[in-house]
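Order of writing sets the labels: A, B, C and D. Residues in every chain begin at 1.
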Amino acid sequence: MNFASDNTAAIAPEILKALASANDGFALGYGSDAHTKTVERLFAEAFERDVAVYLVATGTAANAIALAHVSPPWGAVLCHREAHVITDECGAPEFFGGGLRLFGLPGEACKIAPATLQKALDDELWGGPHHLSPSTLSLTQATEAGTIYRPDEIAALAAHAHARGMAVHMDGARFANALVRLGGTPAEMTWKSGIDVLSLGITKAGAMAAEAIVFFDPARAAGMAERRKRGGHLVSKHRFLAAQFAAFFAKDYWRTLARHANSLADRLAIGLAAGGRKPVWPVEANIVFVILPKDRVAKLKDAGASFYVRRSLSLPAGTEIGADDALLRLVTSFSTTEQEVDRFLALACR
Amino acid sequence: MNFASDNTAAIAPEILKALASANDGFALGYGSDAHTKTVERLFAEAFERDVAVYLVATGTAANAIALAHVSPPWGAVLCHREAHVITDECGAPEFFGGGLRLFGLPGEACKIAPATLQKALDDELWGGPHHLSPSTLSLTQATEAGTIYRPDEIAALAAHAHARGMAVHMDGARFANALVRLGGTPAEMTWKSGIDVLSLGITKAGAMAAEAIVFFDPARAAGMAERRKRGGHLVSKHRFLAAQFAAFFAKDYWRTLARHANSLADRLAIGLAAGGRKPVWPVEANIVFVILPKDRVAKLKDAGASFYVRRSLSLPAGTEIGADDALLRLVTSFSTTEQEVDRFLALACR
Amino acid sequence: MNFASDNTAAIAPEILKALASANDGFALGYGSDAHTKTVERLFAEAFERDVAVYLVATGTAANAIALAHVSPPWGAVLCHREAHVITDECGAPEFFGGGLRLFGLPGEACKIAPATLQKALDDELWGGPHHLSPSTLSLTQATEAGTIYRPDEIAALAAHAHARGMAVHMDGARFANALVRLGGTPAEMTWKSGIDVLSLGITKAGAMAAEAIVFFDPARAAGMAERRKRGGHLVSKHRFLAAQFAAFFAKDYWRTLARHANSLADRLAIGLAAGGRKPVWPVEANIVFVILPKDRVAKLKDAGASFYVRRSLSLPAGTEIGADDALLRLVTSFSTTEQEVDRFLALACR
Amino acid sequence: MNFASDNTAAIAPEILKALASANDGFALGYGSDAHTKTVERLFAEAFERDVAVYLVATGTAANAIALAHVSPPWGAVLCHREAHVITDECGAPEFFGGGLRLFGLPGEACKIAPATLQKALDDELWGGPHHLSPSTLSLTQATEAGTIYRPDEIAALAAHAHARGMAVHMDGARFANALVRLGGTPAEMTWKSGIDVLSLGITKAGAMAAEAIVFFDPARAAGMAERRKRGGHLVSKHRFLAAQFAAFFAKDYWRTLARHANSLADRLAIGLAAGGRKPVWPVEANIVFVILPKDRVAKLKDAGASFYVRRSLSLPAGTEIGADDALLRLVTSFSTTEQEVDRFLALACR
């Protein structure tokens, strides 16, 4: 009953196999190897256009380097106030961005509404020399609440941002989960909707440690090689980063992995609702938030269930967490089993 | 005939196996897993004292984070002028160190002589508010020339540095190669000789991507967890970093791997000398520098040999590289074969 | 009728005279002059203890350097959400602080209530490695609303902060205005109430360009000389910075100047209230906020009055600014005249 | 006998007068005042073209902000190894430049020869992702040795730099001294010879504290307002910065002041040579370097003479400083008197 995070899962079998397969003889370091070239082609295919791709080992690195690259130090990065970049990266975007500022916006279910963005752009003090300038909009897909931005929602947000001369970044730590739920194409979810730069994370999806920064306009990536290196994020035996991506894209493995995780989240959601514990937000990816009585939480812990108790400022209107209740975040992964879910449900709802 | 770099080698078999073994079920992320706890203990055993250890995925990260942690932004890090930290990390130490300065010292065979260090401390303009303050001495072990600092040499350098209130850092990207050559203990090569913080790299030695920052005085590491995270260097599925180290230390595997690499370098050196091509510097680790006529270099390239042609400012007095000659850097690894070496020798010396 | 800002005023006569008097022969640069030594003594007298003082030319520099010195890069500086440091310094604290984060707290009249501080410390996600650590509390005295923290309020806030291991900073851009209103001593308003470091600004009070960073524990200032220099803030002809402070402290000139500014603000406030335009907040320093109909604002502008129209998130409960109204910020200075005030009142209230 | 530095001089009379004249009534802050507008026009006239001008209070700020604006963090700023930016600013360029690197070049008399620049560009390891990229050439005019770059020398250096895509910066802390010696125009000494950005310092020339960053292509200055503000270098009562420049340019006052300083340096040089103490380098600005016996130095100190004893790595071939000798730096200013010089000569040469 491990629902603490999708990064507590192991490596998906095909990706582990790919690491072993790549372990064959010599290969030039730092991305001058054949695996990396292949992966660059796979990205172009997946996104239906030429892209500039930079692989790194952590999601925080991908986000921070991407944001730093499209924002000046006097820029403000607007994001949801519960976004990973502002809550969980210990200020990495500020560090890489020379002291830029993250600016948190409210929004139910951890989604930013276009009107909220527009209001912030209209009402806050912006503009030099005294005030920061809004430089980048960062959207998390799927969100920290497990919800999803639809392409038209992304397009509406991006339109506001672009009208103000801002760049649009997507933190795609759970991009595949959103992709398979939406059923569209990676292109539709990104550049066709106005995304300029994507952090595509595959670690949570089943890789060991592999993330990509993808620029949809390669010209905009000038200097990225230096920025990555100087951040200590140019891996020397680069083929092993690349191999993870190659396996991820091969035979639609990413969709297979993400569908599994999502379907187990659905099973959890349906079971909870059936047991009178309807999840707090619609379950659209592989994350379920549910309110349970604290004594039930204790029982689950006793039975070995692993998960985090959270707070949120983005609850639906009217939803409150009573003194005897707790808000649980449950995350499924490619390796979650039906048995785990059912056992959890039995304990949570009985 | 691959002598380009030890990072062009694959993953050593026991380390790859360890990755597969670690791929078992769930494990908490970010270092809260059992493998990481084990590795912390292994470090304490290997170095015969309590240490604070921080694992990262690249050597540049290990060096830059370590240097930033022991130097203020107005500090100068004194290192050899051909040290990796000053020549090959695209300014990572300056970036992590808030704009500290690297100060390159001359020295034959890429080693700093104590007198050279003392002269720099005496003669240069140091001290606030106008000048930088010497904050850290960084030594590479083995050096970029493939030479080695003996414990007494380290102790003499560290004494000068400590007398000035400086910290002493060791870039141990090829620490194991030096260790097996010297035959002493890791403790003797480090804290017993005055090293305060060590970047211990095992990627070049046979790992996939694993480096450790080791503080011999754990109290000095306060804030390191934050510094690593905010640099994007806290790997989420941390067990796979730890597993590489565990395999490296197990059954003296690190000595086995390093001895192999060193012995192949010796074979290369002996063969070259026998063929009238004596290496430029004593071959003490797994790197051989040799001067060859350019037509011979071309023949080697044609035959598929891979290596880098370098310049150096640290040649022995009297050694010059003629217009028709080139200085070759040849690096052996745990996977270099006698056949490769012998084939190279045949082409280089015949 | 100039109420735009106290920094639109000229130099107070005694301070200008002091500049001319200091213009006598040679003096060593960078603070090694007699004027600077004198001023250091004057600070010790004014604050009744040994202090470490660093003079700079701008308030933004004083704040940013002070905050950077007491916060690590992964620290959060808690301040009121309308504080100058977060709204008007274009990210200077983040820049000097290596990417630290400013964290804005709500509070009526631009004051932070102790309970609000405590709630933020209790409820927000704090602590490494993933989250920032609360490192510094920054209070503005007088506040951006023209209100004042009493010593006991400061002490209560500082107690919360110190209990959490945080430093306490005071942005004293209008310190003298608060001082004369409170009637206490500089010591009571600062270190006796728990302030660790003070930015004491005298530019708005009547100087040309002079601000001081004051550490009440001199040991805590180690490295400040370097930090100031490397920020470009060590003025070479330093005697002219010092001379401004000397004149400011001499014969209680600072109290004289501040009393004048405050009394004109009082006159404005009383007049407005008498005319049915009661200021929004109690007028405690030299700033008056008042709501006027937009047509009245236009008339004032036409008549040559100068002031800023502002928004605020810190209005008293129940106070709203109608669509036809505007919130005016009126700032008086040492050189504001009764005639200006009366003319303004006549236009504003008639 | 004050020859310690031109920044130990007071404020030149016309500039002090200008400060008093500017002290008249209200003026908007932060550069929105009439004095600043006037000065912007004066710059355009002095340099015969539209320029973008940013005033600050210190030379270190001017240099560091200018260099940071034209160099990426992974850029190398090539300068003479005894240039002020690398020796005397405590790392300010690195701090403002996000960790860029200063790269010192040798050169007699503190001047960089075009061949030296070209050799560094050819021979050093440059280029991403591993190495830094040469981004900016910084020339000091007059140099730290008191020598001067001729327009054709500047043009030759700039040509090398521009061919490599680098920007060219001039640290003009003693620009006026060079200008009056060369007899040309400010335009010839700067943009007509290939300078892209100039730090024009007038503090050493006679101002209180005033420096300008001048971009000859105003488009290149985008973002400078924010960079200055965020560095804490936007002075609020900006008219007093501007007034210093206005007085400096008025009635050719800058040439008058600089000619005086230079002519006193000449008097010193001629007298020393006549006394058998020929200055080490040609005296082209207001700085004289001379070697004197240590007992003579002691006598001068005893008599109250003030100056610095220096070392230099840029001495003419064959010049050595014996164990009983010292190298003196003597700096004249607008306020140095013939009496001082003659008294010094009498003591130095007798």
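In the analysis below, a residue touches a chain if its C-beta (ideal position, glycine included) is under 8 Å from a C-beta of that chain, and two chains touch if they have at least 3 such contacts.
Fair warning: this is a prediction, and the values are worked out from it, not measured in the lab.
Remark: among chain pairs A-C and C-D, C-D carries the greater number of C-beta contacts.
The greatest centre-to-centre gap from subunit A, using C-alpha centroids, is found for D. Note on chain placement: the centre of subunit C and the centre of subunit D lie 35 Å apart, centres being C-alpha means. The mean-CA centres of subunit B and subunit C are about 51 angstrom from one another, to the nearest whole unit. Our note on geometry: subunit A versus subunit C, Cα centroid distance of 41 Å, whole angstroms. Among the residues of subunit D, those touching two or more other chains are numbered 73-74, 89-91, 95-96, 98-99, 128-130, 226, 229-230, 234.
Contacts from subunit D toward subunit B in the complex involve residues 73-74, 87-91, 94-102, 123, 125, 128-132, 311.
On subunit C, the positions that touch subunit D within their shared complex are 2, 4-5, 7-11, 16, 19-20, 22-29, 56-62, 64-65, 89-92, 95-96, 203-204, 208-209, 226, 229-237, 240, 306, 335. Subunit A makes touch with subunit D in their complex at residues 30, 72-74, 98-99, 128-130, 133, 223, 225-230, 234.
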